[in-house]
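Below are structures written as structure tokens.
In the two complexes below, chain A is the common chain; its partner is chain B in one and chain C in the other.
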Partner chain A sequence: MGDRTARALAAVLLVLLVVVVVAPLVVVVIGSVIDTSVLGLTSESWQQDASAWSWFSYVLELYGEHLARSAWLAIVVVAGAFLIGFPAAYGLARRSDGWSAAVRVLLDAPLAIPGLTVGIGLLLAYPWGRASGATLAAGHLLYALPFFVRAATNALSAAGLAELEEAAAAAGASATQRFQRIVLPLARPGLLAGALMAFTISWGEFNVSFLLATPTTQTFPAALYLTYTTNSFPVAAAATTLFLAAATPALLLLQQIAASETARFGEAA
Partner chain B sequence: MSRHGSPSLWWLAPTALFLLAAFVVPVVALLDIAAGSAQGFWTELALVWTRDHTRRALMNGVLLSAAVSSAAMLLCLAPAQLLARGRFRGRTLSRLLLSLPLAFSGIIVGFLAIVMLGRVGVIPTLSLALFGRPYGSGMAYALPGLFLAYLFFEIPRAVLALEAAFGKLDLELDAAARTLGARRWQRWRRVTLPALWPALAGTFATTFAVSLGSFGAALILSRRFFVLPVEIFTEFTAFSNDAGACAMAIWLAGVSALVSLLAARAAAHG
Partner chain C sequence: MSARVEIRNLTCSFAGRAAIRDISLALAPGTTTTLVGASGSGKTTLLRCLAGLLTADAGQVLFDGRDVTSQPAEARGVGLVFQSYALFPHLSVEQNLGFGLDVRAELAEPLGLTALLARKPSQISGGERQRVALGRALAYRPVLLLLDEPLAALDPNLADSVREVLLEAIEIERTTVLLVTHDRADALRMGQRVALLRSGSLEQTGTPREVYRTPRTEYAAHFFGPGLPWDGIATRTGSAVMVDTPFGAVALRQDILGPVRLLIRPEALSLANEAATPAVVRRVSYEGNRCRIAFETGGLELQMDAPPGREFARGDRIHVSVDADLLVVLPSSTTHHESHVGLEPLASAPVVPASRVPA
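So, the complex of A and B:
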């Protein structure tokens, strides 16, 4: 098999994967704005008088509260990831001993454990944390933190950063100055990437949330579950489109950061 | 931080404390509830295996996850290499589109499966118009549909992980092997595969754990094919059988952790 044939096959597979991923999304987004009864997706008659956009206002009226709660939760998770994850990343980037190894293992451990398991554990350990949504936020943070810390650690171990910092220290810069003038600007793309990952994970999280949320703390993915099981296709499609409207820009930005980082640091980023 | 040398241990403290409180304590609580069962810890765990229903649900999940992870790796290997090495138009766009399902929980994937392959989904409707037969109708609710739905959310995980692995490969080794006269297959077998092996094992472990623990897609789609996460959820919420649900959750976590450990060993020993 020649190089050309192999490349052509790889290209065909790549196109196939993209089509498989994109086709259902296109159907859903189109289905949220136009009459899809031709495709057999709408069982009840499509109201002639209702404009397509009315499905969105219907969803917002019904589930706007869930949408706002999920957005708020994602912001809390990003803030939490910064508050506790940034110091950890700084520590992990500069030390390699038993302690940092233990923290690394513990950080990644939840990723190998199903969210439902951790959710039940959180519920049993902190029954009082359910009503306020504290365990919900903790569960989200648990799954977002490893990705944030990984991105931040990579950014903070970038070539030259430690030396620059040391040079600034030797020149008399205070810890605050070094942090503001050197660490933060150089690590910014990595930190932004980590924050976007944390946001996306929290925004789409369902495994932990469905169990930990009470009827008054249900997240938007839980509302999606409700629309899938109780509402008609256009409503479910409109709700899913709203979900995508927040997730897609975050992922787009993430890809752009990754691309520009690659251009700057080579393939290591 | 100390002026020279490594920063103080305090930097790690907030994260370590959080992980202790939000992960270690809950896992201990889980074990504790199972241990507090009237039947005793080990009997409760053994029950999961001896009861036909739960054992089948566990094995269903293990087999489905293994099949999905293997399929995802096979399908994504060549595209990942292309994304890592190739310079072509649409590279960033295709990477973005492929990464979209990363943000989806299983329920959305389940909904998409119904839209495409439900009883009146897009594919059966198109097929009816084109071929006169609704091929794929109702497939979403059967095992093939579940398999495709799981594959859908494993594609980005496999593609991105493998692309990163291809990006780190030392191209000069391959070039050297080529200069020495190695054929394409020989280079792949002797140079690329050994270098890629740890990433393959790691990707398999990640996708396997995600599939095994996934719960939304099966909750929406599965009619007769039971998987453990859905059983745990029902046991915990509908029957309030805490100890039973904990025992199943321990099995699920145990199998997941075991596969991760085996993959890590495989990666280390080649």
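So, the complex of A and C:
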């Protein structure tokens, strides 16, 4: 295959990607700020006098609590992922034996199980935590933890943590100094990336939330589902735009971290 | 500052098995000892045990008489240069050098690192990384410097230059050094003393000349250089002790009688006039700075270095004599056949047709 053919093929694939992935999102975002009759949705005439941005205030009024609850839940999940995931990643980066392999499998297991199954399991195991939202947080954590641990483990393993810690010890650094000057700086990109992934996973999690949430612990994705089933298109579009507005910066930050860490460790000679 | 290091009956496990057993070794202050052995002989385990990175199962490690066996690595004051360098990737060269508790920026100049201080390890070459690793290990004046295969990851030309830097830095610092290598040539040229490890046990220690010229075991003899084992009978003829060899009877300096095993190394053999033993050239190996030929005489195959300026070809008829002073007398206790680890066949260098061997 010549260079020109390869470039043409790449361009076609890029266009397909834009059409398949980006176009639906663009339509929804546009739909949240323009007169929907432009999109041919003439049934949305009940608020024609309202400005295009009024859908957002309507969504915030109706689902503002859900938004705040989702944000709070995502923060709790990030904190939980950090507390459980960082020690796990440290241990996994330092050893490669049967135990560490078993822990990796165990951590990844929830990803292969349907959300509803996980939700029912959690409900049966921790029924007392449903009302407070603890069971819901545990469900989110189950899905966020594998990504957090993987990101942190990769960051530490790539640098050869065990030998670097030994080198630091031989250079006279105490356990605390080794943690502060070696482990933490090396883990930082993985921890940041893992935290952002945990945040976005929790932010967008629907299956477990839908099953485990009570009326007082319902999250924004569950509310989003309701907007599409019970509200008009502009309302649903505005709710989706708000959802994306929170998720997109996190995803952009992930890219930024990758770039800044490349600069921090220096380009290879 | 350098320490007298004593290792007493040290046993240390790695991956669940005793990688070194009952090792006893003394390192004089300010001297360099090379620790050499085949892969898996326990060299790195001993090094890590001395550094405090592995816990000893039994035995003691003493620095100037002080028992440090149970001290953690950070309390031992040992400098360690890893085979992989283990430089901190998120720190600059300057920060790597200053990682020790007592920063010595003046080390950058003799190590040729002044221009590289702001760079990250990923932005410098392999040789430069090695120098940074050495600088970091020396930065806080260790009482013992441990070097784990410091030249193994470098290409031969770079290894030559880094070796010089290393030897110079060691000489300036005057610290006690234990250098691990699998390269017998480095073991002989870089240390004032050499310790040979075999399957976790010390096979022999001594000066480079001692271990090469008077090996205590056949394994040690073969490890440090190629040669042909030859069993003979030493008899007294007048005041001399004579032994028959493929090159005729020779007088031994050693006062031994009866069965004796000799190792005939290449350097003991030389071309001679027609009165000497006839032989036929079997292979010629041109290695640039030397030309080694394998020849056959009396059904035996031996090696010798060809004199410069002469060209040889397979099938050439030559005459060879032996220098009795350069024969290695192996201990009678090891006259049985052991595995000839280190017996170097001519195949270690490319064999070229004799017609292409330059004069």
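Rule of thumb we're sticking to: the second predicted complex is superposed on the first by the 243 of 269 C-alpha atoms of A that agree within 3 Å, B and C clash if a C-alpha of one lies under 4 Å from a C-alpha of the other, contacts with A are read in each partner's own complex, and residues count from 1 in each chain.
Simple rule for what comes next: a contact is a pair of C-beta atoms (placed from the backbone, for glycine too) under 8 Å apart; a residue touches a chain by one contact, two chains touch by 3 or more.
Computed from a prediction, not measured in an experiment: that's the story for all the values here.
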First, second, both or neither for A:75, with chain B first and chain C second: neither
First (chain B), second (chain C), both or neither touched by A:8: neither
Which of chain B and chain C A:131 touches, first, second, both or neither: neither
Broader residue contact with chain A after superposition on the shared chain, chain B or chain C: B
First (chain B), second (chain C), both or neither touched by A:109: first
Chain B versus chain C as contact partner of A:85, first or second or both or neither: first
Which superposed partner A:167 touches (first chain B, second chain C, both, neither): second
Touching partner for A:185 - first (chain B), second (chain C), both, neither: second
Shared chain A surface residues [contacts with chain B and with chain C]: 166, 169, 267-268
Residue ranges of chain A touching chain C (in the complex, touch as defined): 159-160, 163-164, 166-174, 181-182, 185-186, 264-269
Residues of chain A touching chain B in the complex: 1, 3, 6-7, 9-11, 13-15, 17-18, 20-25, 27-28, 31, 39-41, 43, 83-85, 87-88, 90-92, 94-95, 97, 99-100, 102-103, 106-107, 109-118, 120-122, 124-126, 138-139, 141-142, 145, 149, 166, 169, 175, 200-201, 203-207, 210-211, 221, 224-225, 228-229, 233, 236-237, 240, 243-244, 247-248, 250-252, 254-256, 259, 267-268
Complex contact set, residues of chain B against chain A: 1, 3-4, 6-16, 18-19, 21-30, 32-33, 75-76, 78-79, 81-84, 86, 92, 94-108, 110-116, 120-122, 124-126, 152, 155-156, 159, 167-168, 184, 205-206, 209, 212-216, 219-220, 229, 232-233, 236-237, 242, 245-246, 249-250, 252-253, 256-257, 260
Residue ranges of chain C touching chain A (in the complex, touch as defined): 51-53, 72-74, 77-80, 82, 84, 86-90, 99-101, 119-125, 136-137, 139-140
